[in-house]
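Each of the next two complexes has subunit A plus one more chain, namely subunit B in the first and subunit C in the second.
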Partner chain A sequence: MTPRFTVGAQVNVRPGNPPGHIRTPFYIRGKCGTVERICGEFRNPEELAYGRSGEPKQVLYRVRFNQKDVWPDYRGPAKDTIDVELYEHWLEPAP
Partner chain B sequence: MMDNISHSHEGPDPHAPRPDHDDTLTHHKRLEIAVRELLIEKGILTADEIREAVERMDARGPHLGAKLVAKAWVDPAFKARLLENGSAAAEEAGVQMDQPTRLIVVENTPQVHNLVVCTLCSCYPRMVLGIPPDWYKSRAYRSRAVHEPRAVLAEFGTQLADEATVRVHDSTADMRYLVLPMRPKGTEGLDEAGLAALVTRDSMIGVTTL
Partner chain C sequence: MRGVHDMGGLQAGPVERVEHDYQLWEKRVDALMVLLSRKRRFTVDELRKGIESLPGDAYDRLTYYERWISSITSALIHRGTITIDELRAKLADIERRPDGPKAGTP
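Coming up: the complex of A and B.
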């Protein structure tokens, strides 16, 4: 599976709120970040949680966000960051 | 008054007896016993294999992470490999990894301070740090470490230089994180074992420095 995004790409996290076992934290949905690294392919935990195979595997990314973009009331320097692991189906290219 | 408010075990700390908390068969305790006994009854596992697995889990602890940190401090080539591919370098140093999770090692510098959290549950690099402390699993730490990491660090007594960037790592999926703390000043004369003894669990989670 060829990763859809490259390191350094700007991505948006889908703002969806589907039911079920979700590994994308609520606070990061709808936020824009930069791909920090591609972690490889893993079985999809949102499927594994229900005893299914988790196939096809999903590409997992680490995406780096500026804290000020994540929390409007963030108290700290603008350069502070947070990295979150996100599966490819949660990401969209940033316009 | 009751005469057992304070008693002594011939130690320096007389104290009142505390109630036992292990006498209630909760749902999950009952489930664990039922599954374990069924696995043994059906011949899938033996009691001895279960004991061995528990012993293996109990044997893991911060001493493993400390060994990697100390080795990285004295061996720049190992440090480069550890930062490039944490799992491979740890296995090279004799620390067994868990599958399918992978270890990412993040380095503290005067410019960058790293802090690890798992907001969704309590993912923790057990292969190098063992069982997580209770506070790591608390709702307060999990929510505040991402939103106000500098306040959390201050509560742990950690003062950072103003110019330092704080990088939080939310362990949401299959990666596990180990912070490589900065080597303390005045440790030039120590060997690898002496250095490893200085490395604390909390410094490898990133809530403290050394």
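Coming up: the complex of A and C.
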């Protein structure tokens, strides 16, 4: 599976609260970050959770966000970041 | 809906930094998970789904391994690995033991 995003790409995390088993934390949904690395491809845990095969595998990315973009009242240094590992189906190209 | 477990950024009170020895039943729950995984009867993702699907009050009330055994039990019933009758009979059997728990206690 060819990764849809390259290292350095700007990505948006899909917003919203779909039903089912979710492995994307609530606080990061709808936020914009930068692909820090491609972690590999893995069976989809959101499908495995229901006893299904988890195929096709999903590319997993480590995405870096600015803390001040994640937390509206963040008071730490502006250069602080947080990395979150996210599966490809949760990401969209940032406009 | 935001899951009860998905509390990143929410107030959660202080973290109790205490260590404790695992009780025998906790080790058995862990061993059960290892066995089920090796036999490909269960995945860690199914374990998590069962835990994260607990009603909020149950999630907050149960201890770590109580959440595990709750999830494992639901999944094994759902898959037909064990039946509800078998589980009920075993629980009744345990309650009859001299050192067993009293009926109705969790």
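Operating definition for what follows: the second predicted complex is superposed on the first by the 95 of 95 C-alpha atoms of A that agree within 3 Å, B and C clash if a C-alpha of one lies under 4 Å from a C-alpha of the other, contacts with A are read in each partner's own complex, and residues count from 1 in each chain.
Keep in mind that, in the parts below, a residue touches a chain if its C-beta (ideal position, glycine included) is under 8 Å from a C-beta of that chain, and two chains touch if they have at least 3 such contacts.
Computed from a predicted model, the values in this text were never measured in an experiment.
Trainee: May I ask you to decide whether A:76 touches subunit B, subunit C, both, or neither, giving the answer as first, second, both or neither?
Mentor: Touch partner of A:76: subunit B, not subunit C.
Trainee: Give one of first, second, both or neither to describe whether A:45 is in contact with subunit B, with subunit C, with both, or with none.
Mentor: both
Trainee: Counting only touches as set out at the top, which of subunit B and subunit C does A:25 meet: first, second, both, neither?
Mentor: A:25 sits against subunit B and subunit C alike.
Trainee: Based on the superposed arrangement, let me know which partner A:17 touches: subunit B (first), subunit C (second), both, or neither?
Mentor: second
Trainee: Quick one: classify A:62 as touching subunit B (first), subunit C (second), both or neither.
Mentor: First partner only, subunit B.
Trainee: Please indicate which partner A:87 is in contact with in the superposed arrangement: first for subunit B, second for subunit C, both, or neither.
Mentor: Touch status of A:87: first partner only.
Trainee: In the superposed model, which partner reaches more residues of subunit A, subunit B or subunit C?
Mentor: With both complexes superposed on chain A, more residues of subunit A are touched by B.
Trainee: In the superposed arrangement, does A:6 touch subunit B (first), subunit C (second), both or neither?
Mentor: In the superposition, A:6 touches no partner, neither subunit B nor subunit C.
Trainee: Could you pull out which residues of subunit A sit against subunit B in one structure and against subunit C in the other?
Mentor: Subunit A residues touching both partners: 25, 27-28, 45, 71.
Trainee: For subunit C, which residues count as touching subunit A in their complex?
Mentor: My answer: residues 1-3, 6, 8-9, 43, 45-46, 48-49, 52, 79.
Trainee: Can you name the residues of subunit B that touch subunit A in the complex?
Mentor: Going through subunit B, the ones touching subunit A are 100, 102, 104, 119-120, 146-151, 165-175.
Trainee: In the complex formed with subunit B, which residues of subunit A make contact?
Mentor: 23-25, 27-28, 39-40, 42-43, 45, 60, 62, 67, 70-71, 74-77, 79-87
Trainee: Show me the residue ranges of subunit A that touch subunit C in the complex, using the header's touch definition.
Mentor: Per the stated touch rule, the residues are 17, 21-22, 25-28, 45-46, 48-51, 54, 71.
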